[in-house]
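Encoded as structure tokens, here's the structure I'll be asking about.
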Amino acid sequence: MRIRVLAFARLRELLGAPEITLELPEGARVVDAWSALAQGCSELDEQRASTRAARNGNLVAFEEPLADGDELAILPPVGGG
Amino acid sequence: MRIRVLAFARLRELLGAPEITLELPEGARVVDAWSALAQGCSELDEQRASTRAARNGNLVAFEEPLADGDELAILPPVGGG
Amino acid sequence: MFRIVREAIEPAALESAVRSGDGGAVTFVGIVRSRADDGRPVTGLSYEAFEPMAIREFRIIAAEARERFGDVAIAIVHRIGELRVGEIAVAVMASAVHRGEAFDACRYAIDEVKRRAPIWKEERYTDGTASWRANPSGDLGGSAAGGRGGAEHRSAG
Amino acid sequence: MFRIVREAIEPAALESAVRSGDGGAVTFVGIVRSRADDGRPVTGLSYEAFEPMAIREFRIIAAEARERFGDVAIAIVHRIGELRVGEIAVAVMASAVHRGEAFDACRYAIDEVKRRAPIWKEERYTDGTASWRANPSGDLGGSAAGGRGGAEHRSAG
């Protein structure tokens, strides 16, 4: 399946792009998408503990299953206001 | 001695003027000024319990002595804001 | 900025009191409501003030807020005269480095203005009558001779 | 009114959300400070947002405020892009029949915006460096995988 990943702030900088497309095997979860992104980028992987994931605009756990066409946003701690 | 009395809101209406001058004997206190004002106006006198007095801009008790040239403001409960 | 004004209040004008280091500003505006607390429809309000004492009271309230909440900037502007429904009667602005102090100081200042600033309002009703309305807290900061708030003093109409 | 904007915020614009029966409106504005929390001099901030989710979060926060504090009207506007010191980053307005609810709802709304709206800021320092700054509360409403706020992530500069 194919998902669209949106990254923000420090995570966007570490990923090198605000948006990338991932090809993942059927049955993949958020954690698998993260592993694919973090592969070869230890600095990104270090952010795992503070990163939240939003699937199609809703916060989800890293164990959440993904589906073809999903939008997955990876969100560092926020600093609005 | 001569004092200037300022009255506000409902007290101004009952007194019939925003400002009047009173002649009082030496040694007069706020309560004496009030009695002079309320003489013959029972509706004004009924407001006594809720009225505060300010002598030259400072809140004072009704027992406060007055002096020639004082400005005495009589203040009903406030309703600003 | 501590003022009694006769013209419309522009809340944005109070922002001039914000200092360069402040990170948060809280502004309260009190608006003339279309109904009295007892539900009677209102056409407008008439405010009057003992102006020099009111302005001095605004300054004292601001100084108290700084004692209680630290380094806050405060502005208080109250309008007097005839106001229509929807118009702004009072605006209070408090700013500080952090928002907590600004919220606390703004709340304190408007509560104290309503309690003890020498300002009075007369409600004007759609039936042509009017009455002076005190605030529930409006005893001018304590009873000298048994003060009492929230009373209604019906005037001639 | 729930918006992410790129141009200067005019707090007066939020007053359009006040309803005819409201007697009090409380507006918070967050202003870019000249110093970071650690004292470093700042030339400005850069904000970015996950816009559709941020606006949805604003609406949810407003609905929660109505559940908690009763019949309040709320407006939330956050600016993104490059901001200079002294400019307004966020404005939150809450209005109600009485001021207590307006104060409580405004405070709740800005606290929650800082805690969980998907908005990020990068501080730009006078020495040419920059770093992403999370709010102490900015864990997006709870940790999925051990969230942690207040961290600094120094970026390239």
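Letters A, B, C and D mark the chains as written, and numbering starts fresh at 1 in each.
Methods note: a contact is a pair of C-beta atoms (placed from the backbone, for glycine too) under 8 Å apart; a residue touches a chain by one contact, two chains touch by 3 or more.
Small disclaimer: the values here were computed from a predicted structure and weren't measured.
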Common touching chains of chain D and chain A: none
Separation of mean Cα positions, chain C and chain A [Å, integer]: 51
Chain A-chain B separation of Cα centroids, rounded to whole Å: 74
CA centroid of chain B to CA centroid of chain C, Å: 24
Per-residue multi-chain contacts in chain A, two or more chains: none
Residues of chain D engaged with two or more neighbouring chains: 30, 110
Chains grouped in pairs wherever the two touch, ordered by label: A-D, B-C, C-D
Footprint of chain C on chain B - complex, ascending: 6, 8-10, 12-13, 47-54, 57, 59-62, 73, 75-81
Residues on chain D engaged by chain A in the complex (per definition of touch): 30, 47-50, 52-54, 56, 78, 89-90, 110, 113-122, 132-135, 138-141, 143-151, 153, 155-156
Chain C to chain D touching residues, read off their complex: 10-12, 15, 18, 20-35, 85-86, 95, 97, 99, 102-103, 106-107, 110
